[in-house]
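We call the chains A, B, C and D, going by the order they appear; numbering starts again at 1 in every chain.
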Amino acid sequence: MTTRFAVLGAGRIGQVHARAIAQVDGAALVAIADPISAAAEAMATKYGCDIRSIDAIEAADDVDAVVICTPTDTHADLIERFCRAGKAVFCEKPVDLDTARVRACLQVVKETGGRVMVGFNRRFDPDFAALKAAIDAGRIGKVEMVTLISRDPGAPPYDYITSSGGIFRDMTIHDFDMARWLLGEEVETVMAQASVLTDPKIGALGDFDSANVILRTASGRQAIITNSRRATYGYDQRIEVLGETGMVSARNQHAANIQFADAQGFHDAPLLNFFMTRYTAAYAAEIAAFAAALRDGSAMPITAGDGLRALELADAALQSAQSGQAVRLVASAQKVA
Amino acid sequence: MTTRFAVLGAGRIGQVHARAIAQVDGAALVAIADPISAAAEAMATKYGCDIRSIDAIEAADDVDAVVICTPTDTHADLIERFCRAGKAVFCEKPVDLDTARVRACLQVVKETGGRVMVGFNRRFDPDFAALKAAIDAGRIGKVEMVTLISRDPGAPPYDYITSSGGIFRDMTIHDFDMARWLLGEEVETVMAQASVLTDPKIGALGDFDSANVILRTASGRQAIITNSRRATYGYDQRIEVLGETGMVSARNQHAANIQFADAQGFHDAPLLNFFMTRYTAAYAAEIAAFAAALRDGSAMPITAGDGLRALELADAALQSAQSGQAVRLVASAQKVA
Amino acid sequence: MTTRFAVLGAGRIGQVHARAIAQVDGAALVAIADPISAAAEAMATKYGCDIRSIDAIEAADDVDAVVICTPTDTHADLIERFCRAGKAVFCEKPVDLDTARVRACLQVVKETGGRVMVGFNRRFDPDFAALKAAIDAGRIGKVEMVTLISRDPGAPPYDYITSSGGIFRDMTIHDFDMARWLLGEEVETVMAQASVLTDPKIGALGDFDSANVILRTASGRQAIITNSRRATYGYDQRIEVLGETGMVSARNQHAANIQFADAQGFHDAPLLNFFMTRYTAAYAAEIAAFAAALRDGSAMPITAGDGLRALELADAALQSAQSGQAVRLVASAQKVA
Amino acid sequence: MTTRFAVLGAGRIGQVHARAIAQVDGAALVAIADPISAAAEAMATKYGCDIRSIDAIEAADDVDAVVICTPTDTHADLIERFCRAGKAVFCEKPVDLDTARVRACLQVVKETGGRVMVGFNRRFDPDFAALKAAIDAGRIGKVEMVTLISRDPGAPPYDYITSSGGIFRDMTIHDFDMARWLLGEEVETVMAQASVLTDPKIGALGDFDSANVILRTASGRQAIITNSRRATYGYDQRIEVLGETGMVSARNQHAANIQFADAQGFHDAPLLNFFMTRYTAAYAAEIAAFAAALRDGSAMPITAGDGLRALELADAALQSAQSGQAVRLVASAQKVA
């Protein structure tokens, strides 16, 4: 039995997901929705699918699942709408930048029995997945300390920053999700510092470009996140987990696996510089995991509740950076559970 | 304009090439030939192509190029047949295990004006291609010494060994091609040693499992090749080129990019263990290069003459290993040029 | 002209410094003080020096400088005493565990015009020194974010923990000094979290074994420190500094520079497991730097003021870990300046 | 009981050995011989030893062992003379550049019952020693293939080349010794190629600057050696040994253990550039091993026979490079055994 997909939004990330669907056995792309985009026509030609309106997809009998790649402020509405229409939903993160709106959306998901997966792609990176599998297999014993070093090659455009919700909700949110996933226990306390070091204009827009966060769970496990919007050497994405019997870490990925040596020394290529190149395999794997969960009727690998929890950590980090105080999340964590 | 492909042979490597064709823009798979294989039916279903006889493909108006993935002893015949039929030909290495047969085949290619590419996939590995590009860009100055370390995870089945032409023609031949490509000058002298160290049965079959070869060009550049049929840690594929101003090297590829640390030390994953996994990107890139050469009318990236030359080096290495003398190749090299 | 040294305390660290003195050109060890130790006799034999009382050394005409390697609670007294006696002083860190006592001691140093160096050995590690030199040479532009990963192979004995002043004053204090050195600007705000994860007995003694700290300067530069009292894979000592144009990092040191590969993967040696082995070169270099400063009359590379400032950061971190609030250090920093 | 040393020759390598003697427990430097050198005076001052003539040292009652650091053409004579005088002898390699002279010298050693160690320092490098210990401990099973990559930063002065005996006797000889040590079986066959690639003047002097050698033992084990007189990136010294169950390798040593990253990529320091810096620890360890063998009365770790055997391999390699034929060494090997 084939799972029939529609992709909502033919932009950059919509194309990534369409390509992923084409690679998954038992998945077919039947429709793309994007009223104004030439990209939609290119995708229709390439994958032999229809261009339809969102309304038509909502009403279609031949669509089992939608992949939401539209602007962030439409996510929650579309999730609710397609849950009510009985379609499974894969939604790019975030569900919304406002936790109240996310909670309302989750209520609809719950009432409709909707099946919703949120796209935290990093959990599906083959290296990070191997790292997690090793932890789950007991290779390092009980997890104690998680270190996440995560730096973008450069800041996004100013107008994106304005609508992004700020560095914690836009960039660190991936690390919050990874930290929750790796700590194996909900975070209870958040401490954060944030500065403007790379570009004063980012500060003028009310955002930060450099941040450090300490997360702590009830049993005292800790995660540390270090972020910058500027890494001249590429897209820096490292994870290290210390456990009682050992450590496991995932290395960066270079643009090429070759090395020069000359009188100045030994030279390796910069890192892969773009999130879509760095996480190509992860994007394919997350759609495959979504399709597999639909096929098997098993639990969604990442739920909208995971999206909410990461957003709460982002809000808490911002509050801590502004107040200079540790922010406790216990009550909220219980709600999510 | 789309280049229309037929794949001859639906075995393991035929499937690899079919997948590659499906990924190349402007290429289409229209037919698969394999009279007895269930694999042919699976490919026909997956790629929406016909199953046809080789005769039918030879006569077809809707086939521009064939990819020969049949047994080695059919390669030369099929190359000649499809050159005469006016189809472009991509042929898995080797053209034949006998240099006289290869020369006769080349004569037909020449007479028919045939366009033939031989599949030395390693030249298309992204890392090796980056290494070569760096040399061509002058990053290490004039090439002096090439080091090729190439070890298989394990020996092939005994019946394969019997028909393989021996380690030099079956395994080292890839290194001979790489050495020619990297030295930038034809090889003039070959010295080799070969032993049986991993399995006496291989010796009983008249073959070796461990070999070292020194190649030397007219200007004194040298390449050294070290081969073994057994590397417990995976498929070991390294290249290092020393030039007048520096060195460039390509590293191995591990099964995962993670590292453990414990009281015993630091532990990395074994190497990718299978040539198809290790060279996935190379197989895709070589078909893309073939399609691009057809589209542009440009020279074939690797010709049947390259195949002949590598085979001559293999024959010379075997002769040197048996005689204990350096074997000179000058006359033969001139014939090829 | 030779600088004549006396070493006070013939224990483990006293022996390290005696060996260092023996390697420094223009330095001579003339006396060792340790009334009860067989180690003192061994040192006297090995280096051909006298065993004397501290009183005798204080009064001696033939001693230019003392190296204080006695228990921590004697440091401040001995510094004052030898400053008053007109001897140069090298003192193992810390000056004292109590900042008030350190300030009083500094007052005596100031009044006597004493020349005092405090032994933060890590600044003299050849790799860390090369990293600092690179920053000072402008290789990464303005410093933005410092990452210090510092883990001990195992916790010290319980009775040591009891008198150590706690993890921040005993272990993290080295990282506080490194952070100050590398940030190039005084720390203004400290945030910390601390837990007991490796051994509940450490918690019962009122200490922690796992800690993370964020430091922030007035201009927004940040340093992050991650500490654990247990790293099964050896003594983990890494530094990474992100600047506006690049990053520079110092790697760990393994017990041997060899690698195994087998069917389980690739295996490197554990890290050097003991601070004296890991920092052998640093201990020699710090005494050489002290001797050079005495010879040249130049400024002490690390002053007692540096010792005070690191201790203030340790106190602030403890306060932050206990209160959950960021602790500001501005006024204190001004006092130190 | 202290072993009393005299060093013959106060040049660069003589100073290295004097420093090593000073570090060995139970060893004392009592005399240095070098009639014309200011270096001798400096050493006498630094180590508190006498300056004496070689005759005086030969006759001295207070000298147990000599370290011969004089020009190569005096080595064999001095070995014979001090063996006859009943002193133990440590001699820098080579004993002589002529195998007949070496054999004659060995005869004297045998007749006098002399205790002679030849200084192949690389066997005492901590990494190479760890690699060998791992092989001996069975970590990789039976040894199959040895790879030695050995490149000098630059060629020696022309007048040194003239008297050096050529690249095989001067440079590759270290690799011949390492190959013998690691193969665990005597070499039976030698094949070599040599060229002039870095400097035509070297060719004009009758020498080569680039060479590759294949060695083979009776059981078919092989070693491959690749040499160049020019490596712009430093002193390149790598070893890799493939065995039936795994591989073990020793990495190069960089001038510093730090890494830069910037828009051009990741940059490591060049290699240590000078044999004395690279092999500092090895020089100290070999003298310690010599002293230990004298103290214990145990076998010399490296004998003059080892020196002869390496020289025979060098001669065979030169002959192979000139003749283009494999050179067999069986009879000679039996003589040595």
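Keep this in mind: a contact is a pair of C-beta atoms (placed from the backbone, for glycine too) under 8 Å apart; a residue touches a chain by one contact, two chains touch by 3 or more.
These figures come from a predicted structure and were not determined experimentally.
Between chain A and chain D, which partner chains are common?
Chains in contact with chain A as well as chain D: B, C.
Between A-C and B-C, name the chain pair that shares the greater number of C-beta pairs in contact.
A-C
Report back the single chain whose CA centre is most distant from the CA centre of chain B.
Following the centroid criterion, the farthest chain would be C.
Would you mind pulling out the distance in Å between where the CA atoms of chain A average out and where those of chain C do?
Going by mean C-alpha positions, chain A sits 41 Å from chain C.
State, to the nearest whole Å, the distance from the C-alpha centre of chain B to the C-alpha centre of chain C.
Each chain's C-alpha centroid was found; their separation is 58 Å.
Identify all positions of chain D at which a residue touches two or more other chains, and write them in rising order.
Chain D, residues with two or more chain partners: 231-233, 245-247, 261-263, 269.
Note which residues of chain D are touching chain B in the complex, please.
144-145, 147, 149, 151, 189, 191-193, 195-198, 210, 212, 214, 216, 220-222, 224, 226, 228, 230-233, 240, 242, 244-247, 324-326
Which stretch or stretches of chain B touch chain C in the complex?
Chain B residues touching chain C: 231-233, 254, 261-270.
Okay, in this complex, where on chain B does chain A touch?
126-127, 130-131, 134, 139-140, 245-251, 253, 256-263, 269
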